[in-house]
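What follows are several structures.
Shared between the two complexes below is chain A, which pairs with chain B and chain C, respectively.
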Partner chain A sequence: MTEQNDKNLERREFLIRTGKAGIAIAAAGAASYLLYDKKNPAQNAEPENIVTLPDFSVPHVQEQSLSIVKGSDRTKTVAKAIELLGGIERFVKPGDTVAIKPNVAFASPPMLGATTNPDLVAEVIKLCYKAGAKKVIVTDNPINEPAGCFAISGIGKAVANVGGEIVLPKSNYFKNTTLAGGTLIKDWPILYEPFSKANKLIGIAPVKNHHRSGASMAMKNWYGLLGGRRNIFHQDINTIIAELAIMVKPTLVILDGTEVMMTNGPTGGSLSDLKRTNTLIAGCDMVAADSYACGLLDIKVSDLPCLAKAAAAGAGTTDYQSLKPMLAEVS
Partner chain B sequence: MISSVNRAKNLESVISFCILAILAAIATGIFIRQAHTGEKELIDFSKITPAVFQAASETKVYNAENLYEKIDGKAPLYTESGFEKLYTRRFASPADPNLAMELYLFDMGNIRNAFSVYSLQRRADAETLPDFTFAYKTSNALYLVHGRYYAEIIGFSESTGLSKAILEVSQNIRNNIPIDKNAKIPELAFFPQENLIDGSTRFYLASAFGFEGLTNTFTAAYKIDDQTITAFFSKRPGKKDAETIAENYYNFLIANGGVAKTAGNKTFTGKVIEFDGAAEIIFMTGSFVGGIHEAENQQTAESIAAKLLNKLALIKQ
Partner chain C sequence: MKIVQTRRISQIFFFLLFIWLCIVAAVGDKFWQLRNWPTNFFLQLDPLTAISTALSTHTLYRTLIWSLITIILTIILGRFFCGWVCPFGSLHHFIGFLANRKKTAAQKIKLNQYRKAQGIKYFILIFILAMAVLQPLGVTLQTGLLDPILLITRSFNLVLLPIADQTVHFVSANERFYETGWLIFAIFTAAVLLNLIIPRFYCRFICPLGALFGILDRFAIWRIGKNQSHCINCKLCEQSCEGGCEPGGNIKISECVLCFNCLHICKDNIISFQTTPSLSGEVTNPDISRRGFVLSLAGGILAVPAIRLSNKLGSNWSYNIIRPPGALAEEEFLKCCIKCGQCMRICPTNVIQPGGIEGGLENLWTPVLNNRIGSSGCQLNCVACGQACPTAAIRPVTLSEKLGKDEFAAAGPIKLGTAFVDRNRCLPWSMDKPCIVCQENCPVSPKAIYTQECFNTVRNGILTVKKTTDSTIEIAETIPADKFTSGDYFCKIDGEIRKKIAKNTENSITAEKFEKIPVAGEKIELQIRLQKPYIDIEKCIGCGICEHECPVSGKRAVRVSAEGETRSTNRTLLLKR
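And then the complex of A and B:
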């Protein structure tokens, strides 16, 4: 009798506990269902929290979209390249605030070519002021030691010498953005604040080999705008470069192929990684500029899938010859 | 009733203690591992600093999670090759700030991984340093493998004084960082030595020649009659795996536009494919898959392939 009662009670106890567990699971499920955010975070976010980079581009001028200048002196080649596009006055008006985005990704000396050449940055700043710019700021988001990167690359000193202003990234300078139609840039932080105060944007990048993407040039230069743990984009590097080329609409891009990092990019390290090709490219179409520069790296346009992706999305053309580039040589 | 409830409570207590014991064991394991990791970080950089230089930065340590903060797009090269840690430090001459350098010391876990990243980045026109097993220098930098470590010593300018200091750093690394001196890479001796280009051996941990199946692949370049020919081999876990890889690689080349050709040497057992205007050869012997990659001349390629095949066939497996 007692044994029978024990069994009944065990069964009862079992049913009670099962019931309690069932209620707990149901409650957790219901709570999850009620709290589940069915909307994309970007769509759900308050509009003021999501920013869009301004369109910095200038009106198109037929047959003045791309210039290629041969020569070893960057200060001369860049001046000539811009002159061929209609002069700096086409791009910078009196009173403008110009933001310059060089590649300052590494704390590396200028001679190694891993960062934008400081003399080139300084010359462009001088041209901007000559055209009447009110202010020229220079900014980038090197993840590691921004101040050290600007100092060792020589860009910090070069900018200061010609009256430019270095803007080092701070956490509150980053705002989230979403690229319409993008697959990777969704509610992602970008360096925004310095650009929100500018009305012109000039990208200046060196031509480099890149272990992951094949090359780092004008389009890849915008990678420096990304905040957060941006290394996750290395898994889909071509898409992120193409999306950046769609997201950023610069006034002008300058691509420095005076000395090209042919191997072991993007960091390089040895002077033997570099090859002198004495070419400077300037233009309004960064896809075309990068496509031309493939030749400097001894690669084909088809070797860089990001170019076709960006072109297909309307960011520019890989057929740079169709733009009838302006050519010159300076000694 | 009371006895059954007590039994249930006792059982629950036992289960609870078991769970707590497992958690405690996990915590102890994590603690031990972290303590062990801490020991490995104790590299005395004061012993690496060259005599007339001083440290120009703190020693910074990066792991696989934050390596990209230092080397950005090149991080996958290391993280996909067994990377464990990177130590960096800058040195500069107090007398002349232009005499500066930065040391990148990568802990790659073992000598094979270290050799892989070293060999894949080797500069073509570099000068091999005979005092090291694997080391070369360029006009401003020096690169070496020291056991599980791969080191890059990058000079910030070109000068005789800086070159001497860079060499001193490399010697200090060799003399002061303890390693397993028995760690070797025996496969490097498997290539025939005749016409082998010095310093041309590479080691691909993954995807040699763009083919995913060719893992753990050694390559070496030969110079014959102004032609440079790349030979390769990969030691597989067994004969069957070697057969599969050889067949898959052959099919991969054919699927991508390769055309099967007849070997000029009728006794040669490998397969010859014309691919993009160049000769590709694939053979297998024992648990080795080997061959030739992108040769201009099929006859020369077959000659090198035959020598490599014969040498691999003699290796005890």
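And then the complex of A and C:
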């Protein structure tokens, strides 16, 4: 014997239930309609949110675009070099936020010269604050572990001591950029976030031997802005350095040739890799600065194809003498 | 204050302390980063680590002496560590409370009754200790798999912390990755979820540390027990008994975790923490059957030779297991490593990874370098892992020893292995593309990677001169415009002179000035200048920075293999003179 349910559905309950069912069906239908995609998924999504690095340069002043100061004390030579260019006030205005890009590629102690000298960075920060800068940040995307690079290179401490701020390259600070007319920098991630908040940019680089490109100086320093699998650019190192020199328009570059790395670059690792040349170069034309510094490394301008490439693209001149560099010596 | 309140405060304090010590275990100069924080505090209090490493190595590593405090207190008081200190125990305690709080008293009493299966944890303990001591052909330390302190340390540091930090980036600037993290996560989650079935499931049935305490506390001076015989047998005391030790009846002293819930809940104040045995009877010895004892002992004795049948310590050793700098020779290493993951947590580059089982079952969660994870191989000027290791499986080496400086100059730097160039995958070697990223990044001075220059004629690169004007040669063939202008291409004329190409169109090449002008009909060669990397195996320290940086991003074209590692004498590569 089977039991039968003789209880009928009440009208009220029936209406509520059909109402709920109707809403559920409508929701499923609406969601399908909104999400319906006729096309196949694209292989690679179109680049979105392409950013462009701001132009940080200051107006050109005739015969004040390159200074070369001889001396062994970096704090004195850099002060003199900037003074010759018209003083820090020419570059940093009160209220400016200044970004400094040293070369902090390796977790290597300062005395080995593989990274920008910390005293030099500190001195430039002090000058910026003297000129009324609101804030000075220091950033790089190192090759070795970032926090360790800033700590071991001494730059972290030196910057903190003079009130600067270290910005470590967090992954969400990278945005894709495309260089107009470029062949390599296309939809490529660069360290963008810290620079987008700055209105002045100073590059400070050591002069180093580099087995692949010949040398690592002011132009190669911008390699540290690249993110992603940037090592792939070593297949065409000269072009990428030239494109970086075109893409980045700094306020000022400072090239430290006080002690240059003659061998085993760019990592060095031994004091015997270094040679004292007591030269500090500052200027608005990084091609000219690098061209001059070739002499410190005992190489010719023609040994670095990136220089001619950058010059041809209008990033500067390899004929640094034509800029009538200002010379000085401090003891 | 009620004693259970005090116990809760103690549990919360130690749990928060544990989390804090996980967070601060990072290299850095902030106050919350490693600056003298005792990050191994819980590991050093853990007597299972101390006893098992003492059994396997026949010495008690200096910092593990702290566990003597736990041992002495346990002998006097019983399993206070489980109920008052252990962060894993506190977590189970809390989850078990949450899961079962709405059950009736009768259900709770049933849930917290004593079960015969609580003896399993003793068999686990016997099994892993047998592996660590009773082995004629070499012992292995596997307590780390289930030791609760190590399990929760590993789970927090390698799984929960990275997940929590993934978006906020407070603990580390960039995401941390850990291989086999999913397995650590699965085991941790399973252990926690088992509380939904039985509260403190892990503590009661699995925990080998709890088992050790259960054995140690048989002489405890103070014990939980009944002080009067006129008990109405309401069983309320068993309603929230954390250990499942039957305080209302014949109390199992070895199962009691000193939660004091029974003492607190008893309306007649019959239960107390006392020196006399319980009036309703007590059992001091753990419930271990003779058969279970023999089987687990025999299992542990046989397990090691069974695992080692794969000959991973002999000729079939795993060359892709690169141990951190200062690690002991493999056999000694396996006697000391407790798989706690502190080295993996502390490593600033994230290159130290929990090992999988492909290097042998014993390798699971031991530290292995994976140069494809992390920010940059093993950093030259870093010895953090050895400093973090609680058992000196990775010796706390100094920078001088690692780099082979000062008094270690004669011994030379610590080698983790040797880098090998895979000439079939390397861009300059096999594809005529300039690269040498590996050479650039080699941190050794002089570099362990050196190059030899060569010029290779490109495909279809033998061209016929049509006409030469100044430094521009018009050619008969068609070549891709602008392809050879990178500064790496040369034009070889007359079989010997090479000139760097400045630019090219489809039908012409402009190079540096020619001394001897090529004439019409003459063949010229289009060449690329390559620097091919070579490894100087006497200089290479196996840091893996080259492997990390190699732009061949899948299977790297330069890879570190463990041959030549300093820690072993039978894996050398070079003939020593």
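Simple rule for what comes next: the second predicted complex is superposed on the first by the 282 of 331 C-alpha atoms of A that agree within 3 Å, B and C clash if a C-alpha of one lies under 4 Å from a C-alpha of the other, contacts with A are read in each partner's own complex, and residues count from 1 in each chain.
Just so it is clear, a contact is a pair of C-beta atoms (placed from the backbone, for glycine too) under 8 Å apart; a residue touches a chain by one contact, two chains touch by 3 or more.
Because the structure is predicted, anything quoted here is derived from the model rather than measured.
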Fit or clash - chain C, chain B, common chain A: clash
Which superposed partner A:S171 touches (first chain B, second chain C, both, neither): second
First (chain B), second (chain C), both or neither touched by A:E89: neither
Partner chain(s) touched by A:C306 [first = chain B, second = chain C, both, neither]: second
First (chain B), second (chain C), both or neither touched by A:D319: neither
Touched partner set for A:H210, first chain B, second chain C, both or neither: both
Contacts of A:P109 with chain B and chain C, given as first, second, both or neither: both
Touching partner for A:I143 - first (chain B), second (chain C), both, neither: both
Chain B versus chain C as contact partner of A:E10, first or second or both or neither: first
Chain A residues touched - chain C or chain B, whichever exceeds: C
Stretch in clash, chain C with chain B, out of 40-48, 58-66 or 544-552: 544-552
Set of chain A residues, in rising order, touched by both chain B and chain C: 106, 109, 143-144, 152, 210-212, 231, 234, 237, 263-264, 266-267, 269-270, 273
Residue numbers on chain A that touch chain C, as the complex places them: 106-109, 143-148, 151-152, 156, 168-171, 210-212, 229, 231-232, 234-239, 263-264, 266-270, 273, 302, 305-306, 308-309
Contact set on chain B toward chain A in their complex: 1, 3-5, 8, 68-77, 100, 121, 123-126, 138-141, 143, 152, 154, 156-158
Residues of chain A defined as touching chain B within the complex: 5-6, 9-10, 13, 105-106, 109, 111-112, 143-144, 152, 210-213, 216, 230-231, 234, 237, 263-267, 269-273
Interfacial residue positions of chain C with respect to chain A in the complex: 27-29, 169, 173-175, 348-349, 374-376, 379-382, 427, 433-437, 439-447, 451, 486-488, 500, 502, 512, 531, 545, 549-551, 553
